[in-house]
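Written out below as structure tokens is the structure these notes cover.
Chain naming follows the written order as A, B, C and D, and within any one chain the residues start at number 1.
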């Protein structure tokens, strides 16, 4: 069930110039609602005159023990800048949990590759942890411009093997994720991906050609975030459908990315 | 809460707070957030005779204190509404009103005819003011003669409450309002979105796939209030006011300038519980100021 | 900075950034804040044939991302301008343009005649769009025929640059634009303020003494951009765009949709140095994107 | 000369539920511009989506030694609320100094009464200090609803005698300033006043009937604050004139308050 909640910042860490990790919990100690990997929240950025609409942010992690929700935020404009400046004790108003989630594979032995690019790793961490907890063996393939843009590698590595690419070669293999040697080895059953659209399209094409099942998490511009404004539509094989409600996770077969 | 009751023609509302078409889905999407029976009514998504895919992405741009949209009346058509959606929402304990759009007079009439048998739909709202599709009716809404034509034609097939929704993109809104009043409208609602535009200076492209789109949100409130005020001084039928309402104070402003009831649109996206909060706020204002009925506020501006 | 030069008809501007009438006083009030020679031009206060006291207080209300004003063309009249103000501002090293208002065609003509001898006034702007006074010209600005009449009459006595300032409170701004183009305007400027209203719910009174007033500021930008775009596609004469510009990015938006130059209005109140900052921002954008001349931006929207 | 400056908050004290005293200085140690009592500043309230225009606030004090500007702010809406929440180290953008100022009397021995109501005492403190520094003998008459609304009495008392009224009688004499016994004693040469308009009008009428010179500081709604928008006009004997530029201080003879 979707709800609107005031959550309090328990920790806000600037990971580097462009990224912050914000941890939130309830103000009264009550339990956070049930959340699934791939879902997102809509954040109200209160003190910013330039942000009228809420901002969609993926659920980066749900720490059940600590009753904490993590958001990994990249500074790209006014709204995310303000979010990144949140201090411990600040209150953020959220709608959550929103959207659908990644599909749990039926076979625990299937080879799963979680591919994230840039801030697209946000839902990947939660999904990796979730899979591992249930006895799956996820691997991670993370791409970034440069070493400093690679985030949460230590955390990911707790849940599976981590492969990296950087465009400038400063860490891992040089190039794009689709060029990484781990893909050449083959044997992947399912790919889950989140990141810049060109990256996801390239991955979708690769998956399609290799007959690999593939789910992608989209980041279309949103107004409401819960399926009532019809602004966030993606053109699918079934026509225009809402990314916020019937997504953000789509099996690439449903999309029209591969002609 | 008898003091909150109002009437729009034959339509009885438990309170004057309703939600605007295109911003409230089919209402049930909000039932997680608040008890829908708390508000006076809901206007469901713009419905057309045939299914529409709407405009291509991107359909939205944020603007100072508002947003542009170019949804373009995406909906599955009136038949789908009648058979699949109506059964799911007919028992919501509030007025469910269908917003009807079309590109010809006949479209509107046919659509209304299909809705006549749904006895839990106490009213329809004729959208003659959608700026986002060529066939969205805005041509009707900016010309007094054709606005009257649509109204008159639908009047013949629809004997329950008929609200006509006016476009703000006109030199003189009172001319259109008087014209649809004369043609048999029970009420007018205003304003629909203002035609606007936004540009991505990095891509050097319009932000919307349709170049221009409809502006809504708090930024339009001053224009909306002015038009409600002008219309209040021009027609006798009740007015449903909207445009940028984001708090109960805004709702009171609209009622003071002449709205008998109000709709909340874009702000549902920012606070999905806003409609219920506005009901509470109005009730508290009445109490605080010892006002016996919310009806006493309508047009009570001292000038 | 040759790359910033633009022309509006015969008028040469060192850059496309100017300041809007009624928001920049007589320019000298800003000389404490920045060097006025840095900008392309200034439009001084609305001037009328006779002195005007304007509307009673209160004349202002804040609105979401904007404001309403009801100044009502307070000014000391054109004779006072000629003898007392002109001598003080004529040597400002930028284009000083006088905004002229009236209630009859004759008013405009007489006003223009008095300004003809001032050789440091390279242009006048005919305000046929002030919403705040009955005689403010808005009646001219909402009717294509009378807009053309005023333009034609002034054209006969004024052979330097003549800019006609259009009202956004119309169904179709291109109709008016074409009409004044045909009547001899060298350029059009748009938009003037949108007619709006605000209410004090505690006093139950309008916030403005005149009930309605003119809306300006960032809230109107989407409407202004749309109207400039529509006008750009309808006329051949240059367009001066304005409405809600608060940063250089906004200025670029206006130029991309077709404005050859821009004016900054309300935002001068928030940041009196904004005009100079916008000049710098445009220059940096040109450099960053390797654009040879700001003229290349005009109407360069990819659609 | 008017300027636009980023000033840094050196101290922000909540005086009570409704009032804060904010002290500001330059960011680079340069001297604050010359300011006179009666003048005001225009504050940009940056992080408030509901305040588009600047907010006019009187200069409460100019501490030349410490290079500090003081603002006394009463919480009445969004803008003043945000200002009152300013923390040490925050930056506020100001236009200053704006407007005219109180007129220095020619005779140092003349009996001066400075009358403030509510937040209207803001310019009174600066003016009192200024007068005293130049060898004048100001007295103060301060009115408020209740004891807790009386502010800066200790500071005022350094510069002259302080008389008080409260509407509820919780401090000083009960009633309005115009009822205070000190006025009955007579002998006042000049009154300077700032406060709610009804109070100032009552004082103006009193001053007029007693043939006392009187200057009042007005608080009309403002957009620009430096004479270009013509929104703040007061209807005077010379027609509508700008309070921000030709005021805020007016000799009551110029106004149309007394018929």
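Assume a contact is a pair of C-beta atoms (placed from the backbone, for glycine too) under 8 Å apart; a residue touches a chain by one contact, two chains touch by 3 or more.
Model, not experiment: these values are computed from the prediction.
**Student:** What are the mutual neighbours of chain C and chain D in this structure?
**Tutor:** Neighbours common to chain C and chain D are absent.
**Student:** As a quick test, compute the distance in whole Å between the mean CA positions of chain B and chain C.
**Tutor:** Centre-to-centre distance between chain B and chain C: 34 Å.
**Student:** For chain A and chain B, what's the span in angstrom between their mean Cα positions?
**Tutor:** The computed centroid separation for chain A versus chain B comes out at 36 Å.
**Student:** Need the CA-centroid distance for the pair chain A / chain C, whole Å please.
**Tutor:** Their C-alpha centroids are separated by 47 Å.
**Student:** Could you please state the distance in Å, as a whole number, between where the Cα atoms of chain A are centred and where those of chain D are centred?
**Tutor:** Roughly 54 Å separates the two chain centres.
**Student:** Among all residues of chain C, which ones touch two or more of the remaining chains?
**Tutor:** 63-66, 217-218
**Student:** Can you list the chain D residues in contact with two or more other chains?
**Tutor:** 49, 51-52
**Student:** Answer with line, ring, star, complete or other to describe the graph linking chains that touch.
**Tutor:** ring
**Student:** Would you please name all pairs of chains that touch?
**Tutor:** So the chains that touch one another pair up as A-B, A-D, B-C, C-D.
**Student:** Which of the residues in chain D end up touching chain A in this complex?
**Tutor:** Result: residues 46-49, 51-52 of chain D touch chain A.
**Student:** Could you pull out which chain D residues touch chain C in their complex?
**Tutor:** 1-4, 44, 50-54, 95, 220-235, 239-240
**Student:** Which residues of chain C touch chain B in the complex?
**Tutor:** So the residues of chain C in touch with chain B come to 63-66, 68, 142, 169-171, 194-199, 201, 203-206, 211-212, 215, 217-223, 225-226, 229, 244, 249, 252-253, 256-257, 285, 300-303.
**Student:** Give the list of chain C residues in touch with chain D in this complex.
**Tutor:** Per the stated touch rule, the residues are 22-25, 29-30, 32-33, 53-54, 56-60, 62-67, 69, 71, 74, 217-218, 266, 268-273.
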